[in-house]
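Here is the structure we will look at, set down as structure tokens.
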Amino acid sequence: MAKIEKKRGSGKILGALALVFILAGLYFALIEAPPDANQGDVQRIMYIHIPSILTAYLSFFIVFVGSCLYLWKRERRDDILARSAAEVGVLFTALTIVEGSIWGKPTWGVWWTWDARLTLTAILLMIFAGYMMLRSLIEDEDRAAVSAAVVGIIGFLDIPLIHMSVYWWRTLHQPPSILRPDKAPWENVHPAMLIALAINFAAFLLLYFYLLSLRIRVGETEERVKREMLGGIA
Amino acid sequence: MHLEVRRLSKSYGFAWALKEIDLELRSGDCVALLGPNGAGKTTLLKALCGLLRPTMGEICADGTKLRHGPARLQPAIGLLSPGDHLYDKLTAEENLRLFLALYNRQENRGEIGNALAAAGLSDWSGEYVASFSSGMKCRLSIAKWLLLDPKLLLVDEPYGVLDGSGVDLLETHLKNVCRSGGIVVTATHHVTRAVALCSRAIILRRGKVIFDEAKRTPWNNIYRAVEEFLPKGESWPS
Amino acid sequence: MAFLRHTLWLLWKDLLLERRRHESLLAMFFFGTLLLFIFQFALDVQPEKAADMAPGLLWLALVFCGTLGLMQLFQPERENHCLDALLLAPIDRAAIFLSKVLFNLMLMALLEIVVLPLFWVLFNLAAWDRLPWVFLYGLLGTVGFCVVGTLFSALTLTARGREILLPLLLLPLLIPVVLATIRGMEIILRAGDFSESLPWLHLLIGFDLIFSTAGMLVFEWVIES
């Protein structure tokens, strides 16, 4: 119990920090940073769009690490880590797509387009979704964990290849799009914009790890309950 | 061969199928594995041959820990499960040829023919297994293990499908395995036959070993132990 | 070379069973041909556009048929607990993987040998001399499909709703293969300049190598019970 209490304590600190950074980030993004020369205020969504997609990819990396560890050591907690990272990852990926759409409507006039980035994010979402469906459709828990771990590893190995293929598809023989929403932000950019981006990035990371820690705690509690239901061997 | 099982446990979801099983098996042991339905006999057999990953505990063969997956120890272990492990749309001969190859044994036409003849299936060597009765499939499995000659042979409920001569065939084969230094474990409900055949009895009940003794005369302890799951009216050899 | 021997014996077993059970190849062939006809009606492919649309349609048809084949892939092992028999045997489990990949590959290659020329005729594609190159891309793409498909077919063996789950898991991960094969074929059919399609060819080969290796390494865990 002491261990759980300690975790809850550190979780709260994480949550509090996340809140502080989110508020700071909002302030910088909406007030301090100047509007973009070309796109105006709608560009401000990039302050959360970029961090959220990066966090989504970080999530997948954690799924990969958890999966590898689980296949190697077969310890439940690695499986819980992978599963939790996948769930929170789905959230952030879906968020990214919604943000992208919100940006897209005033900018391109459409809610959706098959440009490289949106397409890639949608694919990532599908892989996450498949991972979670697989877990819920296999009865035997140990098999489900092993199968999901394999999918996590294969999926992670595939992501660079998916990236390359989708980018080439969209750029080779395709005229470059006039508006490049996420050109590297450190080229000739107002310093306040960089600060806003950095703070929001930190905010998202903190928020992500806070949610992840919550989900892991739920997972560990579930695991304890299951073990108690199983009962002692006697 | 010396097999040590230490604190072997297996859970399925919310129930323990095996609970801290401790066993030792030595060359020449012919073991009857008895117990009521749901005692965990099949689970134990599968764990012994590496088809199941134990939840806890370990199995050591000749000092080496049996890593999950029997490939490390093969071809020493066989599992005879009537009706199973045979391809329906292959002929009897093709099945045997396939498994000989997978077990790294040199194929010898005469050898397959002899095994089939011993099992009483000479006339059926070119027929698909799909057309076999369950007794014939069991005989084919016996022929298969005759050929592959494992050092540990696990048998799961063979008596239900075999006729008189089939039973004789099986029991002769099992006795031969033990005589040549192998180990046999037969899981069954047919207490009287198993006790007559084997030199040792292990009784499982709800995943635990409640009885583990070598045969003796008279064997009064075992009568008491099996009483609860012996069918009414079944009589003991005197 | 016990590994190779075991793989070949397992392949022999699958080929023999396929010949006797007729479960996969015929179904795949008829379904593939049917799809091509339906595409023609549904999309009203104009002759000028045929070369552009052809690779995409061809691959759609092949992916559907391939998924049918994947569903059936481990069917013989599901009966009579034969999978346990293979797991009991002293073989490297990667041999089971490789034999199934090769078996699936052979089925699909046979399918393509028949469907590709049929496709050429139905869509009035010119330049029969380009067919071998198109076939090469098709083959490399099929290898990628078979490798990842076999892995996932085994993974989902005990899952409920397998008919939906398998394509759902498989198709996003096969996007590099699908894109590379289709784009490569397009380039060949259109301009005929092979070097232009090289990046796609490299991607395909890379994909095939990476996932064949990964598949052989992880299959051990995929298949155990």
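Letters A, B and C mark the chains as written, and numbering starts fresh at 1 in each.
Everything that follows uses one rule, which is that a contact is a pair of C-beta atoms (placed from the backbone, for glycine too) under 8 Å apart; a residue touches a chain by one contact, two chains touch by 3 or more.
This one's a predicted model, so the numbers in the text were calculated from it and none came from an experiment.
J.: Would you pick out the chains that touch subunit A and also touch subunit B?
T.: Common neighbours, subunit A/subunit B: C.
J.: Tell me which chain's centre, taken as the mean of its C-alpha atoms, is farthest from subunit C.
T.: Chain B.
J.: Counting only Cα atoms for the centres, state how far subunit A is from subunit B in Å.
T.: Roughly 51 Å, centre to centre.
J.: Could you give the separation in Å between the centres of subunit A and subunit C, each centre being the mean of its C-alpha atoms?
T.: Chain centres of subunit A and subunit C, defined by C-alpha means, are spaced 32 Å apart.
J.: Please work out the Cα centroid separation of subunit B and subunit C, and write it as a whole number of Å.
T.: The separation of the two C-alpha centroids amounts to 40 Å.
J.: Scan subunit A for residues touching two or more other chains and write them down.
T.: 140
J.: What residues in subunit B touch two or more of the other chains?
T.: Residues 53 of subunit B each touch two or more of the other chains.
J.: Give me the residues of subunit C that touch two or more other chains.
T.: 224-225
J.: Would you tell me which residues of subunit C are touching subunit A in their complex?
T.: Of all residues in subunit C, those touching subunit A are 148, 151-152, 155-156, 158-162, 165, 168-169, 172-173, 175-176, 179-180, 183, 199-200, 203, 206-207, 210-211, 214, 218, 221-222, 224-225.
J.: Going by the contact rule set out above, which residues of subunit A touch subunit C in the complex?
T.: The touching residues are 71, 123, 126-127, 129-131, 133-134, 137-140, 143, 146-147, 149-151, 153-155, 157-158, 161-162, 164-166, 168-169, 172.
J.: Could you pull out which subunit A residues touch subunit B in their complex?
T.: Touch list, subunit A to subunit B: 140-142, 226, 229-231, 233-234.
J.: Touching residues of subunit C toward subunit B in the complex: what are they?
T.: Going by the criterion above, the answer is residues 2, 5-6, 9-10, 12-13, 16-17, 20-21, 76, 79-82, 84-93, 220, 224-225.
J.: Quick one: in the complex, what on subunit B touches subunit A?
T.: Per the touch definition, subunit B meets subunit A at residues 9, 11-16, 19-20, 53.
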